[in-house]
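As written, the chains take the letters A, B, C and D, and residue 1 is the first residue of each chain.
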């Protein structure tokens, strides 16, 4: 057994996704997404989001983010995002590649959240052709540090985006965890908050692989199927992505998986608050806990077999829970940590 | 049930691939390919190909071909391929996109096979900087029309490639079918024949998705992991691609699946040879049969529920068999066709 | 002295362009095109073309064509052009590079001219996402083989373009020669014929370097200044491109230079018609003459010091005249040729 | 007359460049750089730099920098540069476009100069494939803020570059001013200091347009002529770039122009040091003076007709001198400023 709070992408396939994948394997299916599983999954997304959005499926989050961003700008444009955004720190230049050169403009804000002021500063500081023109605003929901934008915060961001004619992209690598955390509808936190395109991750939500891209602004989706094909993101046996998605959506596992992961993170966070020598760095609002512990303790925890990522310097531990995290694992982790402090 | 000889990508996941996928789902795994399944699968490829090649896994064939081609040339170079090659006719410009502009130079030859003369003609007709410099030769094995290059033909191609300093890329979308057809070792038909990079498809061989890229010339693989990441081709839960591959390799299903598909195609081909009014267009050497039948008969077959692709004008039917094609399906198809002729 | 009919880009700077360049050098000027010369030249283009078009200046024809094409399509789209079009045969993949991968679809037609039938065939032969979607039609006026589209031919092309929602790009590397040949207004042969974007070459018309790009459809010009900047096509000392252009436009040299070159080509063509053993390949409608002469004669002409390009196999000589070609040169060339036949 | 210290690209063509341009215009010339002027200019560069480097000519600095950087890395690599570097702040994403997505990693250092520590920090902070791999180090000589790297500083940078296998690119937009400032040979400050590629600007040195790219590491220049062609940077009438370069090199104006501009900047700097209320921001080591004056004074200076750029917030004035700046202009500027303070 792997002892870890490393990432929700260490987890396997949840039963509901697996069940539908097996069903989809029961017979042959038309290739390239012209099958029933794909049509049904797309329709289910439209129901869940209460709008007639365009739905596409791609293999992973890097592709979902970079291709959807590329559909919103040209190579000589720029994308505003937080300096901690995944598209800046962990995609190896994928947005730049997919867009053939668009720059990311790095904003700031507490808790990994872009502030309207920071956005405005980036957008207004230059207006000459020697600097790429801002066209897109990318928000990560929840953020890379496990915090969640409130609806009010999204409204304030939309206001500044409207003022400067920016499209809004939402990186929803853990979108379900944000919905579970906020207790609002998917529609409220996306298109009703002015989001134009959402990348909704299935991989971290309990699938083997596969992301949904939802275009609430359908004009942005023009010829997006060609873009996916050209970029190597059109699955020939598409139903093995769409059927598991359907499993998550029809069973409600998309939300219950996220709720479970969030609950584990809350439980872990609470346990850690009672451990002397452990200091929270960010508020735990979704499925990640960020704490500072002494460097030797981190090393000792690894010696005990625990896997986790570090963050922002030596003192920071990132602890991510998943759909299959158990409270026993949390207890074991906390006990091990306590024994070392 | 879908009645079809449409494509081997209509088929589902074969038992051997599924079994290993289930095993890989038994516990959590390290992300991004640093897991044991991926290491084992790569080692198995090295054993099978009897050489210490570099092995990468990507999601689909479009990506495998376009990224590996991009690793062999720059944007101002060109790639020689047959005018019927998949990279020219069915990738929506993916090689051009991945390479940021490399051109494909289209050669000719009977049965979908490039001739050395055709290659030489393309490579020598221009030598000025107003035309992209040829750097790569791409062969499809088996070809798009179901024929297979012999070892002698590959040797002749290698000779011309060497003369003009061209790297050789092999599009192995149905590579296993070629190996089964030739009855030679994978090594013989690739690096021993001078192939530098092979794209070996798992999708058409019985997996849900996933291709292996084998660099026999390891220098070409420098930083290829970065390239895959940037292009959105690094699976976070990589083991769900590598474990099924391991299932195919360890069980031998990679070859038996292909042999079965080839046998079905041979059987179908033989049955069709006895049907008056059916004319073979290409020789059946792998898992595809190309025949001409009258247009109204094709329509009538579709009315009976059969799915298949047409090829090269109205008269051509492309009939592809797969790992799960049954002789009963062949018989039913032939009977239906006979009843219409 | 260089004895040649090699190309109009062997010629130097004509007096009218030089005079304005000297004037522009009389004092310092604001950089990056915010100077008066640039504003005046752009206004003059609008007057000449009788429409409020957007005007940009870039360094050369490769850039003009490839950047303007890129503004009309995305990487997963395609551009229809004649198989002899310069953008296909002599730009080293520049359109593919500038557009990040758009494919050129090669049409046919007598005398280097695309026929409506050929366009329609290319546009309708595929409609699936595995092949790039046609979005632009590029016509070269005059063509690479020195012929000129009539207004009727352009109207027929526009009709098919409208039917399939294609934008029209005109490669006007020798645009002035076409205007001189047809005896119509620049407006007639461009936007009144449905052309959306024209690349009008100054280099071949008597300048040191510099091309104008005219967007008759102003929406296509959105942020095109950023595109030029990013692609390395924004001259800091822009006035040294725009002032010579102004010289050509204000003096009328843009047309008289072209007329002179056309006259020389006509004269050369007529002289050659009287030489036994010389066969015209294409009709001489602008400033180029294409003739077949025996291979040994071509070699002998080169031995006498003459420079020219060959075309379409060994038998073809391409003879291009320019603003500074003299009738004496024509006479000398013809005399030398006669002496060898 | 334009009253300004705006930029050296406001100046026209110096007499030595103009004279050679006129000579080159005396007769026709072979196109695309196969002329004698180009050959002679390239040879002169080799003499001046005392090494057999590869020499290419392109139209402007954006192209020179971005294409040469692209020749040193792939799309998934990164380029280390100072946060104030022109390639970061003023090229509208040209390096990202030319390289199809390479990221710039922004280092720091006093006076616009990268420190070895800053480089090392950027290069070592990540080593995973989720972040682009550093391959190139770009130094601007002189820097954007008018300071000049000493030979010792370059040696220290080379040491860290060697340790991490980074190629060194030198942005020499005002290279001649650095040579004049340091009083060393061009070879000393480039390849003897470990520079692999130099972009040497002719535009700011007294030409209408045109930059030289010198590859001291000839392997990096492989097929660079194709790259230039594809990117729209191959001038057909190349001699109108190379002949003026030859004029600068043969006359020595390349250095005397720079020396004059530097002298004017020194004189201006000294005069301003005696003006109360004016504070130098950076040391004047080449041809630019950076001073802080009260915002109302800047406005009043503009009202008097002076043009200049501001820098780093409201208080900063950037004053650039050129080959044709006169001491009278300096005196007038200083007098006007004094009258306002």
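Side notes on the structure shown:
Here is the rule we use: a contact is a pair of C-beta atoms (placed from the backbone, for glycine too) under 8 Å apart; a residue touches a chain by one contact, two chains touch by 3 or more.
Since the model is a prediction, treat every value here as computed from it, not as a measurement.
Simply put, of A-C and A-B, more C-beta pairs touch at A-B. Seen from the Cα centre of chain D, the chain whose own Cα centre is farthest off is B. In this assembly, the C-alpha centroid of chain A lies 34 Å from the C-alpha centroid of chain B.
The geometric centre of chain A is 50 Å away from that of chain C, both derived from CA atoms.
Within chain B, contacts with two or more other chains are made by residues 75-76, 91-94, 97-98, 100-101, 129-130, 132, 226, 229-230, 234. Across the complex, chain C meets chain A through its residues 32, 74-77, 100-101, 129-130, 132-133, 223, 225-227, 229-230, 234.
Contact residues of chain B toward chain C in the complex are 75-76, 78, 89-94, 96-98, 100-103, 129-132. Interface residues of chain B, counted against chain A in their complex, comprise 1-2, 4, 6-7, 9-13, 18, 21, 24-31, 58-64, 66-67, 91-94, 97-98, 100, 203-204, 208-209, 226, 229-237, 240-241, 307, 324.
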